[in-house]
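Look at the two complexes coming up: chain A is in both, with chain B in one and chain C in the other.
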Partner chain A sequence: MKKLTVEVCIGTPCYLMGARELIDDMTELQNEYEDKIKFKTLHCIEERCENAPIVKIDGEIYEEMTPDKLREIILERI
Partner chain B sequence: MAGNTVSEIVKIKRKIYIELAKQVLNNEIENKISKIPFKIAKEDGERYRCCVHKERAIIEERIKLVLGFDPKLHKNEKPVDLLKKRGQEDCCDNIVNVIELACDSCPIDKYTVTDSCRNCVAHKCVNTCPVDAIVTIQNKAFIDQKKCIECGKCREVCPYGAIHENIRPCVRACSVDALTSNSERKAKIDYEKCVDCGSCIRACPFGAISDSTEIVNVCRTIQKGKRNITALLAPSFVGQFGAKVKPEILKSALKEIGFDEVIEVGLGADLVAVEESQELKEKIMEDDFLLSSCCPSFKKTVQKHFEELKPKISKTVSPMVKIAEKVKEDTGNKTVFIGPCISKKAESCKYDSVDHVLTFEELMCIMVAAEMNLASYEKKEGIKDSSSHGRQFAFSGGLSKVMEDLTEKEIKTVKGNGLDECQKLLNEIMTGETEIDFMEGMACQGGCAGGPANLNKSKVTKKLVELFSNQAEYKRADQNEYTA
Partner chain C sequence: MDLVIDEFYKSIPKKGQEVCGDNVEIIKNDQETIVVLSDGLGSGIKANILSTLTSKITVGLIDKQLPLIEIIETLIATLPICEVREIAYSTLAVLRLSQDGTAQIIEMDTPSVFLVRDNQIKEIEMQERELRGKTIREAEIQLNRSDRIFMVSDGVIHAGIGALLDFGIGWQGFARHVEDVVGRFNDLKNMIEKLVDICLAYYLMEPGDDFTVLGLSFRKKRKLTMLSGPPQDPKKDEEVVFELLEGPGQKIVSGGTTAHIVARELNQKVESTFDYYDKDVPPLMKIKGMDLVTEGLLTLNKVTDYLEKHKHGQLYPNGKDGASRLVRMLLASDYIKMIVGRAMNESHQSLNLPLELGIRTQVMNRIAGCLKKLNKDVEIIWY
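Let's look at the complex of A and B:
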């Protein structure tokens, strides 16, 4: 099965708006679902910094992400 | 504290910082400052208060405080008016302030009876109340709040645990009992008692307590390109700006956004360590003891709450002041201390050598405003001002370890990790229950690594600082070429 690609932006604006918490959460999720998720970090996602933090899931962009929202979306899609 | 989570309150605060910094850097603050509340609280955005107008009004109050004005004293003025007043009028004397409009006036009835009350036969609560404030009404105990003296005895004796103790988050967070409430039940800070630690700021879930900043001042200075400005980086800076942002990258990036020089406050800590260990040796010879002076909130706690011990505080200035004095002497540059601390803002007011204080959080907002993306920035510049000793000042236990190394004696040290523990130890020292040579007092749990304006988890910061400390060219403070 194809893995779900999750890309979290760790650029400075996203980091300031909580990207670190998203990464902590993703690391946890990836450990749990190793065969289903591919997790990467990016330096900037299409300059959407105004609505940080930004996450890309299988190419689809999500703005103003929170750990809870991210978990919900991922669990739904795997 | 186990890492500062980025709550909605924190996000709003950071958005305000970024907008203000952007406007200063783009030279448009006078024209655009009034638009910030509209940009942040959008008509269709998430809402936490009754209406968008209140959201915006609160943001306006926050802006006043960011500019350095107490919103309580400038109720009828707009941020744009205050902007003009800057420089003419002294900004707020107190760093930590209540934004009354944002305060929810949480209930202050300290004890209430919950539904767990069984109206039991023994009714110990009624019997134990020293002021007869408890009666039974409709099969349940009831506390007459007019009579209640908040002694808590009823709560202790109730076999069902049916009596609830209601403490406001700000009051609970304050270790020095500095939080009370005014006649409108809004939070009020007793500045005779407050030690600027910032615990209440972190505790309030409405974001109704906040600190004034110097963001606008600093941005004006770096924007003018005067370039006579030195950044003083507090020892806990390692890893604050992202796991991959190495100290060398940060130094280079700071220069890119307008700082002329960057220096580790760890060097100031080295100088302090040498001086303070000498002071300690003398004290031990006199059969006396010493209290550390580098944490301003600890120092204030002793000054305000343990007056008898005041003479025992080390006369050595803090690492921030030490390094600022050195920079002034060597270069004449403006100095900007950058750290995890709110209390340093208050401390800096007493010393001409420190021109401005920023927190890590505030600096990172300025970075965003300056469109500096540290994640993709690759330039590096070596940073090696401090010895291993100086860098260890960042976490609880570091300073006392340095003192043990430098005095080269068996010394009796205790460390107060957090204000509660500090006060407990100070009490024991006063009564003679604990005998010491040296006490290290840090108001924040974990030391500066656990400070209120940290961007990373305290434990992670400690680890990264330890790694960085091991990489230092010199092991001991007295080996550093500037102290030797």
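Let's look at the complex of A and C:
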């Protein structure tokens, strides 16, 4: 089965606005659903910094992400 | 060959004390390195104040070019004697090491320095003289480039008292450990850490006295080139990356956008990681051929915090995060070339950052200022 690719931006604005909490949560989720999620970090997605933190899930961009919202979206999609 | 003097020390307070009663002051200029080690009578805050006074006054007077013996005479005459124990209240060891290898040593009530030549302790012939009722030992020697010098406070010689040994390891005992450690490690920092661990072990991890181990050695000059920030004129991206590649020594890139520019010009990829070791410092990145790739502003501000607190001779922060790594590389280098791009980072404008945090040129200027104070040769090229 194809894994769901989750990419969290770790540029300065995203990190300041909460990307670290997203990393913590994603690390936890990935441990739980190792065979279903592929978690990566990347830098600066399409200059959307004013709506940081930004996450890309299977190519789709989500803005102003929080750990709860991210978890909800991922659990819906796997 | 370009050689510089490296010096590191570590002080451990007596068990139960928060501050160490030993104090080290180091001043450096292009010609020489002057080290003053003082051990205040007793332990805790009182000892700390005593040793700090003694070493600061000494170093201050040396800086004013007064002859060493005159300085010590003034010290003995002016510093008070402990009312309870009726002895002068702190010890003093001074080492003045010139770039050409001439070393002047003066000791007052302190263990003799350890000279290691060809991995063996070599005895130094000391002259003694009486000065206002005190015995002063002094020597002037010529060091070889591979020699190492270690200075300690008496807590090292007494290591083991109250724990493993009745009378402590003594000068000879510690000398054997110095020989052993110098033979086993290449890096002076590691030698100091190891020697401190050995003393702690003799004390069964509960030191009965403050103690300090300090080491000096010569090494070749190290160089480093660092790039941070995109250039104001995007047409200069290629030029900036070329400047980085052509720069001497290790290569550091700091900043997400900058990392992408470097990767693009080199036809490489930026690899992001998600391990962070300090919550204030974002994870590292990787680009093939670069020695360190970090995030920009947050990391650089943390680097500034570290550097502003750093004193000559202190060991480096040992964290795995980007800022600690960057600090270690900067401190280990003697010549630092900084290539700083001044393009406004649009992504930061939305954050309303405090002015001082947000402006890269200011942060880089502060870092350069700290490094210059630490006697490093810093060159900044603005783009």
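By our rule, the second predicted complex is superposed on the first by the 78 of 78 C-alpha atoms of A that agree within 3 Å, B and C clash if a C-alpha of one lies under 4 Å from a C-alpha of the other, contacts with A are read in each partner's own complex, and residues count from 1 in each chain.
Quick note on the criterion: a residue touches a chain if its C-beta (ideal position, glycine included) is under 8 Å from a C-beta of that chain, and two chains touch if they have at least 3 such contacts.
Since the model is a prediction, treat every value here as computed from it, not as a measurement.
Student: Using the overlay on chain A, decide if chain B and chain C clash or can fit next to each other.
Tutor: When both complexes are placed onto chain A, chain B and chain C end up clashing with one another.
Student: Is A:Phe39 touching anything from chain B or chain C once the two structures are fitted on A? First, second, both or neither.
Tutor: second
Student: With both structures superposed, pick whichever of chain B and chain C touches the larger number of chain A residues.
Tutor: C
Student: Tell me which partner A:Gly18 touches in the superposition: chain B (first), chain C (second), both or neither.
Tutor: Only chain B; A:Gly18 stays clear of chain C.
Student: Just chain B (first), just chain C (second), both, or neither: which does A:Thr27 touch?
Tutor: So A:Thr27 only meets chain C here.
Student: May I ask you to decide whether A:Cys49 touches chain B, chain C, both, or neither, giving the answer as first, second, both or neither?
Tutor: After superposing on A, A:Cys49 lies in contact with both chain B and chain C.
Student: Is A:Ile10 touching the first partner chain B, the second partner chain C, both, or neither of them?
Tutor: In the superposition, A:Ile10 contacts both chain B and chain C.
Student: Just to be sure I read the superposition right, which of the two partners does A:Leu75 touch: chain B = first, chain C = second, or both, or neither?
Tutor: neither
Student: Given the superposition on chain A, at which of 19-27, 91-99, 199-207 or 235-243 does chain C overlap chain B?
Tutor: In the superposed model, chain C runs into chain B at 19-27.
Student: Considering only the contact definition stated at the top, list the common interface residues of chain A for chain B and chain C.
Tutor: Residues common to the chain A contacts of chain C and of chain B are 10-13, 15-17, 20, 43-44, 49, listed in rising order.
Student: How about chain C: which of its residues touch chain A in the complex?
Tutor: These residues of chain C touch chain A: 256-257, 259-260, 270, 272-274, 276, 279, 282-283, 285, 295-298, 345-348, 350-351.
Student: Would you tell me which residues of chain B are touching chain A in their complex?
Tutor: 5-6, 11, 14, 18, 241-242, 244, 361, 364-365, 367-368, 372-376, 455-456
Student: Give every residue of chain A touching chain C within the complex, in rising order.
Tutor: For this pair, the touching residues of chain A are 8, 10-13, 15-17, 19-20, 23, 26-27, 39-44, 47, 49-50, 52.
Student: If we count contacts the way the header does, which residues on chain A are in touch with chain B in the complex?
Tutor: Chain A residues touching chain B: 10-13, 15-18, 20-21, 43-44, 49.
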